[in-house]
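Think of it as A, B, C and D in the order they're written, each chain with its own count starting at 1.
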Amino acid sequence: MSALSALFARELKLAVRIGGGALMAVVFFLIVVTLMPFAVGPDLNLLARVGPAILWVGALLANLLALDRLFQADQEDGSLDLMVMAPVPLELIVTVKALAYWVTTGLPLAIAAPLFGMMLNMPSEALGAVCLTLAAGTPGLTFIGIIGAALTVALRRGGLLLAILVIPLMVPVLIFGILATSAAVVVTSPFIQPFLILVALSLGAMVLGPIAAAAALRFGLE
Amino acid sequence: MLEQFGEHAGFIAAAYVITFIVIGGLILWVRIDGKAQMRELEAMKRRGLRRRAEAKD
Amino acid sequence: MGLMDLANPTRFMAVSQRILPWMWGLAVAFLAAGLYMSFFLAPQDYQQGNTVRIMFIHVPAAWLAMMGYSIIALSSIGTLVWRHPLADVSARAAAPIGAAFTFIALVTGSLWGKPMWGAWWVWDARLTSVLVLFLMYLGLIALWRAFDDPARGARIVAVLALVGAINLPIIKFSVEWWNTLHQPASVFRMGGPTIHPALLWPLMVMAFGATLLFLAIHLAAMRNEVLRRRVRAMQITAARGVATAGAEDGEPELA
Amino acid sequence: MSPPQKPAFSGLELIGDGLACVRGGRRVFQGLSFRVAGASALALRGPNGVGKSSLLRLLAGLVPVERGTLTLSGGKPDTPIAEQAHYLGHLDALKPGLSVEENLTFWAQFLSGGPVRPERIDAALDAVGLIDLASLPARFLSAGQRRRLALARLVAVTRPVWLLDEPTSALDTEGQDRLFSLIADHLKAGGIALAATHVDLPFTVETLNLAPAAMELRA
């Protein structure tokens, strides 16, 4: 296990040191949230109604931001070769990298979301709900995203392609995330059912994502 | 002491407290950063004379 | 290049070391006086009651948010026209401080607005413009951090800072246009045009003290930045020095 | 000073039999057989594009074996060769944002799968002549210094097989001397080294000549 903890520590160190990766996603998230009122107008009632959607779409896009570099940076400097040669299964290495990415990207997004929700005049119950659903849903987004990151690892301009590949796969997570969050805004919709499905989607992605990503990385080698 | 500022005392207190935290953090950061740079500079000046491996013995 | 540029940062370090304690002292004195005045001498506003006391930090913070960006913009001209290394140091040191004061302006604005509007955030023209300013600060900081070599990043960031400075009035104008389109009548304007003299004096003292504080932090951060660059320069020479020294003495025990 | 070599390897033998390799739809080589015993080095020779790098990557498990068998007798049983081999490729696998010491410590921990004593890191850095730069960020290193740091990885973690792809590139004469003495130490401990190089190694090596004409013919 020590090889994996060393990798986790290195990933966190790199994310904090190089350009403040964690901060960038949150800033991008804030920019997306700021743009929406310019588009739909500053009417607070309207913003409160579409708030969950704005936050979830913003978080989804922000979560994609640095994903293309996740394996590419290691591939370009030869680190990936050594990782493939390690005694640890590649699936676990991919999992650890994805977890580190979530800690530096997805988690800050979930923590920042209630603050941005306040700016959209969302009721306080909805703020808690959006934090909870994002904390439960962003791992799903990350672990789906790493499949795309692994598929495009050898491509120079993989960034845009990555988004096109994985956003359709993220649709179920988005649907149930927004459904669960809206439960706190719209009285009639239930919370627990979509939330459990969201958790199930995340857990499923955490199993499937690393297997698919590791396979893609192996085929992409040479 | 807070009560004399009326029903919105909490908001006033929060505004001042957050301001103090942010500015205090800023000053603290400047001080810690300054000390760290000074330390680095001293370490660099020392390193020219002594090797790390020898310093350990 | 050469002696002139080396001499100036050295003199800057000497001079700044002497005036910094005075600036800290003056800033603390003015802020203490300002706080006393704003809490105990200033009366309640007939319309806003005691919440007007938030104004004494909100308005100076908003003013310093703009001043911080002005420092960056002016320093950027210095970087681009005279290529003076201290200009970039000044701009770079001002960015996080300006961002922090912008953040304070946003938070206190939100706390001031909640009792008035009943919402934590209202997309009114002023607050929204300050938010865009905050985003521009963050963009500048991110761009600076993306460059390994400060000398190479300096002029590129200076271009962004100046483009931002030109854009700011346009942004402000557009945001106001957008806002009046949606909200014809603004019920309440922060720190409105007429202000009671009993409120004005504490505000002036607070603003002056906060400006001094900003400048003191800025100066201290500039000193740190100069030191950081010295460390960096020494690290580079160290990397080169070892390579040549190793080749010269040949390390007999390994040959 | 030579680095500590506690577990001396004994009875190692690396055998390739009838190997074939396909990269990018092109058959790089086939029917390639060789045999390297412990405590000896094999130099891979031949013009560019003949498949020296491909053979090393194949041994490292980075390129699939198209046909043929590859065995390491005397090594750890039931362990792929890749996990018992060091691969020093064209890329140095360094992060510019981490210090020299952090870079090496990470790889040592990651490759050995356990905690690594700092003395071992220091010894490895000393062996490649980078000990004075231990706390420096790797972004300040020159190409040759980066190469040395990559080489330190092989010293810090003990593995029986060294796969070296142009190990002398970017190194100055002093660095090359260090490299050669490290390889010699590794061989003395009973290890195996395979090197694709155009430089003559200053100790006895067997040579595997990869000839392009024959390859084309068979392909």
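One rule holds for everything that comes next: contacts are C-beta pairs under 8 Å (C-beta built on N, C-alpha and C of every residue); 3 or more make two chains touch, one makes a residue touch a chain.
Being a predicted model, the structure only gives us computed values, none of them experimental.
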Pair of chains joined by more contacts [C-beta pairs], A-C or A-D: A-D
From subunit B, the most remote chain by mean C-alpha position: D
Separation of mean Cα positions, subunit D and subunit A [Å, integer]: 38
Computed distance of Cα centres, subunit D from subunit B, in Å: 46
Whole-Å gap between the CA centroids of subunit A and subunit C: 32
Subunit B, residues touching no fewer than two other chains: 47
Residues of subunit D whose C-beta touches two or more other chains: 132
In the complex, subunit C residues that touch subunit D: 148, 235-236, 238-240, 242-243, 246-247, 250-251, 253-255
Residue ranges of subunit D in contact with subunit A within the complex: 23-24, 57, 60-63, 79, 82-83, 85, 87, 89-95, 97-98, 102, 106-107, 109-115
Contact footprint of subunit C on subunit D as seen in their complex: 1, 96, 129-130, 132-133, 136-137, 139-142, 144-145, 172-174, 177-178, 181
Touch list for subunit C against partner subunit B, complex: 44, 49-51, 53-54, 57-58, 61, 96-97, 100, 103-104, 107-108, 111-112, 114-115, 213, 217, 220-221, 223-224, 227-228, 230-231, 234-235, 238
Residues on subunit A engaged by subunit C in the complex (per definition of touch): 19-20, 23-24, 27, 30-31, 34, 37-38, 41-44, 47, 118-121
